[in-house]
Amino acid sequence: MLRNRLIDGVRRIKPILCGGQSLRSLSNGATSKLTTIEVDDRSGIATLSMNLPPVNTLTMELMHDLIDSINQIESNKSRGLILTSSNDKVFSAGLDLNEMLNPEVERLRLFWTRFQDLWLALHLCGLPTAAAINGHSPAAGCVLATACEYRVMLPNLFIGIHATRFSFVISKWMMNSYQSVLPRRVVERALNQGKLFTTQEALDVGLVDEIACSKEEALSKCAAFIATFDKTNPVARCLTKRMCREPDVRELLQDRAADLKECVDYVTTPLFQEGLCAHLEGLKKRK
Amino acid sequence: MLRNRLIDGVRRIKPILCGGQSLRSLSNGATSKLTTIEVDDRSGIATLSMNLPPVNTLTMELMHDLIDSINQIESNKSRGLILTSSNDKVFSAGLDLNEMLNPEVERLRLFWTRFQDLWLALHLCGLPTAAAINGHSPAAGCVLATACEYRVMLPNLFIGIHATRFSFVISKWMMNSYQSVLPRRVVERALNQGKLFTTQEALDVGLVDEIACSKEEALSKCAAFIATFDKTNPVARCLTKRMCREPDVRELLQDRAADLKECVDYVTTPLFQEGLCAHLEGLKKRK
Amino acid sequence: MLRNRLIDGVRRIKPILCGGQSLRSLSNGATSKLTTIEVDDRSGIATLSMNLPPVNTLTMELMHDLIDSINQIESNKSRGLILTSSNDKVFSAGLDLNEMLNPEVERLRLFWTRFQDLWLALHLCGLPTAAAINGHSPAAGCVLATACEYRVMLPNLFIGIHATRFSFVISKWMMNSYQSVLPRRVVERALNQGKLFTTQEALDVGLVDEIACSKEEALSKCAAFIATFDKTNPVARCLTKRMCREPDVRELLQDRAADLKECVDYVTTPLFQEGLCAHLEGLKKRK
């Protein structure tokens, strides 16, 4: 009953997204505040740009708009989705760590739930997805990239989940996302080290699929990847993708509350709060 | 209790094979109608050839004879099993899609059960197994090849599970079979694309282990692989193989009915029937 | 609740180790009889040497002392642990097979439980771990090496799990340990063949990470690996390592008795006893 469960899964997931809060309705369906959607009329491919200066930090609002945009692109039956950044230096700097510093628990629960929602929306998106990584992509920026099916990256950038460097312990589904792309041995070592890969290192281990010299070329390579599905049946493709990704999401979907509780319990420990404080101080000094 | 469960598993699996139907008894144990078994007296290796013109389509009958032959080779305690084709152009063209076109449900259930049986018989075969892929090996032809422990392929052929191209969604155990050979990232992309690998591409990703210039050389390389087990204890080898493969088959063995229901439910959807119709029309036109 | 479970897991695991037997207390915390601990005052890294002539066979006593030493190094909050051998020809020859020959069942249960304990202690050790493999490393010697996070090996040695060559069937958690380092396809084939990899072959498949020309250089490369964690938070690193390794140990931790029973049932079969007898005869003749 996997195929049926998967179809049901889609139905079940959607109402869960954003925990029952209504998504901001869009006037003309083309843009929301912090994201931009551009649909190429010839190819039918939608380019979704993160557009929150200065570094596309995944705030509550940016995540809201990303989920909204992904859903919109999916329901418009675009031919594919390319995730990129309006900012030429940073793809996304990752989660808004200020939400984790001395957090009010209810707000933290809302924040983490939204991140779960965003990852599920992208990881299980029925359309072909690709990331044109035109800037640094640390932490949750990397998690978003690995939730796509293909990654093209510009030279001399950094990508990776460096959570152990700011005392954070990622969730198992984030590890699964990494492991869907990298060998088991590479995953453990990189997560333990909090490794940030250069573009070339990322290509060598398979974390990215191609290097492009410009954002334009990256978008073009992503479009070429999406075109490799032209001869497939879109529904069969979507169900096959979800079958492949079902083991990655199974535990989270079966018990989202457990993942949430675990995150809240850890984030509110003095250990993490001290580590985060020191990390944020360090970032300030670098500026 | 894994080792015990595995030994039990063997006992449990066997009566399930072919859903209780009695297998055709063979007069001299050397041949059945659609398959040929040749045992090399010196090496003790049995070569099992598929022999159904024109393209070794896995019909109900060919699958029956394959299961029968695998069981016979196993119970004769041959030193190993090499699967190959009598046809120099096609190893196997895959499942008989006519069984899926406007199927009578009871017949479809029998057909799919037999395919499950065939895969289990080959995937869990206690002997060393290798495939001498001397012709194209698409779809279920590729699944049979990946159920073996080693693959040697002739140049300029195609191999891969291209189900999404004819609207089919494979079962999870077929994905597991692919994933026992290929990295997770390669599996998802290839299944989504319905990718057919050339011989060289298949070698590069690890879908096949060696290239041979002739069928004779392929058979010889397969025999050399089987000889690598000469210093091992056959029972310990068999139990070790089954331990490695147990995660691949666990879900199917625990609930074969669920996989069957899922297949029947999907195959009988208008979506699949339309996709299959268009695919079969396309094949006719190419001829 | 994974992170909590992991923290609990640590608590839960520790009392289980050595099945409630009290560990020999160490006078000055620096040495035990069959192992030596040397802590580098500058780096804070502890080097743990196996020191049981002639070939570091994992006897009941050596395993006891290894567990004791690992626990001691961990509780002393060393910066990392390097496992090596005092013997320049053999890292460890593996389990004491005499314990498996015509065993008294209660003694065998104690022996296997201690091996489970040893593997758990090393595989889940909170510190960064590396193996300086300065001698041959067959069977359980290889299992200990793969339980570490990094492996540096001297040239012209052998490493691998060759259990099928002496009729043994390893436990699933030993397979998981192998698979945490090697691709699935390589694991099955190597286990089935009972393959012993040369140093160069081990490097090529990823079973070891680096080759060193001397023991000194191997220790130095291990220390360099341990230094890659300098910028990480040690608690976050430890929890992340355990999250990565949790799937490897889950089944064993959930039902250690089942693994024990399975081992005892298999070891006491005539099949295994005959195979082991022949293997031990063969070893004697070679001497």
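Going in written order, the chains are labelled A, B and C, and every chain counts its residues from 1.
Convention: a residue touches a chain if its C-beta (ideal position, glycine included) is under 8 Å from a C-beta of that chain, and two chains touch if they have at least 3 such contacts.
Keep in mind that what you see is a predicted model, and the values were worked out from it rather than measured.
Between the two copies, subunit B and subunit C, the C-alpha superposition involves a rotation of 120 degrees in steps of 5.
The two sequence copies subunit A and subunit B touch through a face in which the numbers common to both fall below half of the numbers used overall.
Averaging C-alpha coordinates per chain places the centre of subunit A 37 Å away from that of subunit B. Multi-chain contact residues of subunit C (touching two or more other chains) are listed as 183.
Of all the residues in subunit C, the ones that touch subunit B in their complex are 163-172, 175, 183-185, 187-189, 191-194, 258-259, 261-262, 265-266, 271-272, 275.
Of all residues in subunit B, those touching subunit C in their complex are 1-4, 128, 149-150, 179-183, 206, 228-229, 231-233, 235-237, 239-241, 243-245.
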